[in-house]
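Next come two complexes built around chain A: one with chain B, the other with chain C.
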Partner chain A sequence: MDILVCIKRIPDIAGQITLDGSGTDIDDAGLGHTTSAHEECAVELAIQTAAATGGKVTVLTLGPAEAVEQLRAAVGVGANDGILIEAEDSGAFGTEDIAQVIGDVIRDRTEGGQNFDLVLLGNDAADTGDFQVPIRLAYDLGYPVLTSISTFSPAGGPVIEARGIGPSGTEIFSLELPAVVAVQEGGVDPRYPSITGRMKAKKARIAEYVAPEPGAGNPRIGLELPPDTANEVTILGEGPDAAGALVDVLEEIGVIRS
Partner chain B sequence: MSLVFVETDESGEVALTSAEALTFARTNADVLAGSVLEAAVIGTLTESAHNQLAVLGVDRIHHLESADLEAYSATAWAQALVDIAPETGTVLASGTPRGMELMAHVAVRTGERMAANVVAADEEGLLRQVLGGAAFERLQLGGDLQVLTLAGHACKPEETTPTTPEILTHSPESAAEDLRTRVVRTEVETDADNDTSGLTQARAVVGAGRGVGSENGFGEVLELVDHLGGALGVSRVVTGLGWRPHSEQVGQTGSRITPDVYIACGISGAIQHMAGIEGAKTLIAINTDEESTMVQRADYAIIGDLHEVVGAVNEEIRSRRG
Partner chain C sequence: MASIPTQASVVVVGAGIVGNSLVHHLAELGWRDIVQVDKGPLPNPGGSTGHASNFIFPVDHSREITDLTLDSVRQYKELGVFTQSGGFEVARTQERMQELRRRMASAKAWGIESHLVTPEEVVEKVPFLDPSVIVGAFWTPTVGVVDSVGAGTMMRESAQNKGALTVSPNTEVTGIDVENGAIARVHTTKGPIETEKILIACGVWSPRIAAMAGAAIPLTPAVHQMISVGPVPQLAEQTGEISFPIVRDMDTFCYERQHGSDMEIGSYAHRAILHEPDEIPSIEAAKLSPTEMPFTDDDFDPQLEQALELMPDVLSNPDVEIRYAINGLLSLTPDGAPILGESPEVKGLWSAAAVWVKEGPGVGRAVAEWMTNGCPEVDVQGADIARFHPHQRTREHVRARTSEAFIKTYGIVHPGEQWNSDRNVRLSPMHEREKELGAVFFEVAGWERPQWYASNAPLLEEFGERVMDRTAEWDSRWWSPIINAEHLALRERAGLVDLSSFVIFDVFGPAALDAVQSIVLAQMDVGIGRVVYTPVLDETGGFRSDLTIMRLAHDRFRVVTGAAHGMVDVKWFADRLPGTGAQITDLTSSWTTIGLWGPRARDILSQVTNADVSHERFKFGTARTIEVGSLQVLASRISYVGDLGWELYIPMETGLRLWDVLTEAGTEHGLVPVGLGVYGTTGRIEKGYRAFGAELDSDRSVIEVGMARPKVKSQGFVGRDAHLRHREEDPKAILCSLTVDDHTSASGEKRYMLGGEPIRSQDGQPLIDGHGHHAFVTSAGSAPSLGKHVLMAFLPPAEAVLGNQLTVVYMEEAYPVTVASIDATPLFDPSNENIRR
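After this line comes the complex of A and B, so read on.
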């Protein structure tokens, strides 16, 4: 099974964030970059499935030239090759544009003789969280789509059995390929790169495309940070001696079982 | 007109998140061009849900029930919503996995854009959560129909003067193509490892992070969970290291919780973790590092080793119980 996984370069934020001069984006100058946990799981599922079925994993991203780092990281854990769709200002792309551009590259690959049986994405991007690119891409390609999928396995012929957590239990779907699947973290543990993986990543074959100007564009007008509400923390004490004070608080809230 | 997709729970009650979405639609009627409030219920419509919709101010209930809609299929359900959607106004759902998925399909099928995790609407447009809640994006969708999902807890459910909603019954037939992705079967979790309901419903959650130290370091926190009749929630470091199952993860890519009290033990307070606990009423931190974000953001904190502190808390609870 040949699988394409779409991943997105995002700033790796843990602490305080600040806005850039334009007020429409965060200032990621001092920050490292990563991809979302959902996408790491998608890459892991792709690697396992390709290994089990004798196929290949290609990773794709639409982003700045530096996004090649994220493609190489995915090759480092076992993807075979990468596709960079370079867009200087990827923030100007709306979900319709991203889906359309990815769709065009997939069609270009199909014409070149490379068919992807399965296109995996994350359920939602960790930065913009639009919850739309997988579904818009599926319509663009005319493929069926499932979202919030945690695991899947080949089910004979061009079919996979996919599982995801629904409101009343684990829901099981039978999905005919080619298809689009949006992966939700939780079903598999992404692997770490091995030493040989890191070597491979450096030499990885990355095909390059240049993204056209965005059509629909991004509906964003601006970005705002939550008001910095000064918080007063009451320090109950240090070490085990403070236990009594904490139990008093819990008793007041009324959560200790009698 | 505003059309709200309403989810019901196993006993047929309107889900709290849907009550939030209905309240948001009603209280923002002017900016959402939604002076008439409609609810869409797919599947059984109980007497109790009907009454709840009345006190939430719904003018009209679309009750959709048919063989094709019995098992969930995002495309079939979305098309059924498209068929009853207004031409101008708003279609919205709460930001649950189902709400997100359905609204995205509705947006594509109506040729509109969509905004996920909206928290507010005014003349300048919509405000929605991004970066797991660490920032807000202001945007304008344009278009005739606004398609959106409401972020969890962005709006408190509010009752109003009860209406007498008219019920319109539909039994749609779905195109074969729209049934390709229906649920084949559902396995009800007998495996507690996959069940997140305890976590999202608990009044008290004890959080455990890297500070716990190892897979075997959960003894004290689990005893505290037991004293509180609560649930254990963990950070991604803990699930990533395989110490506990992912179903216990709290945060941007785990569960979002709303307990009366959250006691974070050995958790630093990364924004992705904080995204999951915004809804906690009281936040207590137990951490060796006074400068950690968790301590700075907490209502109460104890500075110290979590094993010692939680051990002493358990002992205190046992001795007070006598």
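After this line comes the complex of A and C, so read on.
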């Protein structure tokens, strides 16, 4: 199964967020860059599936030249090659533009003889949270689409069985390929790169496209930070007496199971 | 919000390994009402200590750093947080093997057990290393790892348990009030604290805090990349944090260090990546900690390949994953040394910055002692914050030098190696002339100083074999036989030396005599026009400096000292002026100095002046103003090269004129320009003149260096009591001059020591003095007048016997040496007739 995974370069945020001068983007000076957890899971699912079916995994991104780092990171954990659609100001692209550009590249690849059975994306981008591109891309390609999928597996022929695992139960779908799937994190544990993987990534072939001028554009006019919420520190106790309360917290956040 | 004390004896900023050691040692020394703040949480507030790799290799070419490291290891062991693993520094090239042989010299000189071993011996202890990649290694069994956060916690708690310390985490310093040039209070996010002392020990943020008081701590945050890979099955089989020796892959500037089932790989091979203290992310905005910056893969990729070569079995395993990768921030300084002591810019502002985990507790103790009684037991004068000249405190200088130095962290650095960056900052008025003469410039304190002159190359032919040429590349790097030729020309005719880099300052005012009298050892109540060379001691009787003082008037003394250490001297004097009766003014940039020495010096000088410069009318050790044409020249008849002549002081703008006048007059006398290679090494070493920082430091007494005078003046001076005591005691070591008897190495090539080598008995046994120091070469150089290579070294008194046959170990080969002087008696012209002719 040949799988295309679309990923997005985003600032690697874990703490307080600040906005840049324009107020339309996160200030990423001093921050590293990564891809969202959804997309890391999509890459992991793709690698596992390709390995099980003797297929290959291509990763694609639309972004600045530096976004090649995210493509190489994906190759480092097992993707085979990458496609960079270079756009210096990728923020100017609206979700409709992005879907259109990706769709054009997929069609270009199809003409060149490369057929993707499955196109994976993250459910939503961690920085902008639009939830738009997977559905728009499916519409553009005329493919069926599923969102919020946690795992999937080949189900014989051009079909996968996809599962969306939620807090109150699991939805199970049978999906005919080619198709678009939006992955949500939680179904698989993304792997870290190995040293040999990283070295392979360094040498990986990255195909390059240049994005056309955005057509529809980005209708977003700005971002606003939520009000500062004061950090609240709860002291659970001291010494052995605190053990019970600590176990409760670890269970609550899912580190351990009772 | 927790409250904070409104008063403190000292506010310590930073709760990393340095700040924690400091509060511990301050409390031990009796300090109370200490307040320690850190903007981060405890026990890991997010500075460089929190991500340190925490391993310690004790051998360093610097004795000062080694002393601090050994003291730190002792303290870590006492705290029970030291685990000995042993460590290899492996060589992939023959050039590196030579460096490891040189490292053996440092190990032996400092008395640390190390051995050179074969690749097979490395594999015995590190079975997953590929021996075919390396040619040998340097093994130090006492290498180990520490828990620096744990140690810091224990030290902080020990101070708290004494009731000496209030710790306030999550508290940021927001401002510092300076009143009348001194610290008055520290503002924090939890309120102001009245205090006369602030101790800045917050690593990469230190410049930012110092700037709040208008002072400089010239360091820059710089990236050291580190990754952690695992789980490694070969490591997971072992119990504990570390069971395999640490490997430093010296030629790729990397290290591999086991941490449980993971392997940490650190690199100093990448480009210098510098940050600004003000732009380090806040704790809130940082993903990991503020000093664990986002990893930049591209910079590290070449190291992965090299690490894979060295440890293929471990690192090619696809299950071994890169789980943690950071651009860790650490502090770099323009000269590589830490920044310790009280700022010369603001009274009461102390720094303990740019310190590595391996030196942390040692620095904590030294700075605490320094703050308490003015004298750290370990000599840390090379790290004194007062050492920086103004241009060295600038951002541009710091960035230029640290960028250049980063790659030298594991590099092979020749002791004579010069900087490439930020050169041509301070130029003497004679600079253009010197360039025309083909001067090869060495830099000290920003000054471009001719080391030798290409224009003197014809002298090589004149002096032939006597120039003692060197064939070994290492011995002759940053050296030229022209230096020795210039030396011989000076001894036989005359030489002209540009000494513009002297630090010159006046002590003046009604109490000027009292001031200098109380600071220096020599009698300063001398006639006007006398020139006095004198040691400057600390309270323990160790050397703070040695310098020359001219009495210019009843109420004015001119102090002349070296460029490298001169700024420290300025502060030392300024701190000890009595009340309002004496002042100090730095005249370094006002005066230039030209040295004129050699048997023809008087002929030359008398040709350009009408003044009587005869021996009878211009005695040695006197200074007076003479006219040279329309120039007024302060001529001082002394000599650091041990020959007839003068230091000629003249306003900077007229220096070139004087140089030209002397050059012209000197032509018929065979005068040549002479570089600092002669002034700093060959001239002094055959005269047995001691140099501060080499023979003279705070560990050594006046007696041990053979500089005691027949009497001690009755007036009080700093260190007098200790000095009197030293005179009564048997010395624990004696500074000797030794000559090398045979330079022939095993290969047949003649080798010339450069300094730092161990001195041993004829059968190779170490010589240990009464301080517990191993004998080593403090200075080495050609003595062309003698046709010998001369070494200086402190020997145990029993070995300090004229004619005693010993050995010097150079590049792991022993060469015979003979003790030739056991006091300050010069090897050349022992009765000093040349000076007094």
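General remarks:
The definition used in the following text is that the second predicted complex is superposed on the first by the 223 of 258 C-alpha atoms of A that agree within 3 Å, B and C clash if a C-alpha of one lies under 4 Å from a C-alpha of the other, contacts with A are read in each partner's own complex, and residues count from 1 in each chain.
The working rule: contacts are C-beta pairs under 8 Å (C-beta built on N, C-alpha and C of every residue); 3 or more make two chains touch, one makes a residue touch a chain.
Remember, predicted model here, so these are calculated numbers, not experimental data.
Looking at the shared chain after the overlay, A:E185 reaches chain B, while chain C stays out of its contact range. In the superposed model, A:G217 makes contact with neither chain B nor chain C. Between chain B and chain C, more residues of chain A are touched by B.
When both complexes are overlaid on chain A, the residue A:D12 reaches chain C alone and has no touch with chain B.
In the superposition on chain A, A:G169 contacts chain B only, with no contact to chain C. Of the two partner chains placed by superposition, only chain B is touched by A:G244; chain C is not. In the superposed model, A:I253 lies in contact with chain B only, and not with chain C.
Taken together, the two complexes place residues 13-15, 17 of chain A in contact with chain B and also with chain C. Across the interface of their complex, chain A is touched by residues 7, 9-10, 72, 74-75, 96-98, 100-101, 104-105, 107-108, 113-117, 124-125, 127, 129-132, 134-142, 149, 180-189, 194, 196, 203-204, 226-230, 236, 240, 242, 246-247, 249, 252-254, 260-261, 268, 270-272, 282, 284-285, 290, 293, 295-305, 308-309, 311-313, 315-317, 320-321 of chain B.
Those residues of chain C that touch chain A in the complex are listed here as 229, 279-288, 293-295, 297-298, 301, 304-305, 307-308, 315-323.
By the touch criterion given at the top, residues 13-15, 17, 26, 36-38, 94-96, 123-124, 126-132, 135-136, 139, 144-148, 165-176, 184-186, 189, 216, 219-226, 231, 233-247, 249-250, 253-258 of chain A touch chain B in their complex.
On chain A, the positions that touch chain C within their shared complex are 12-18, 29-33, 69, 72-73, 191-199, 202.
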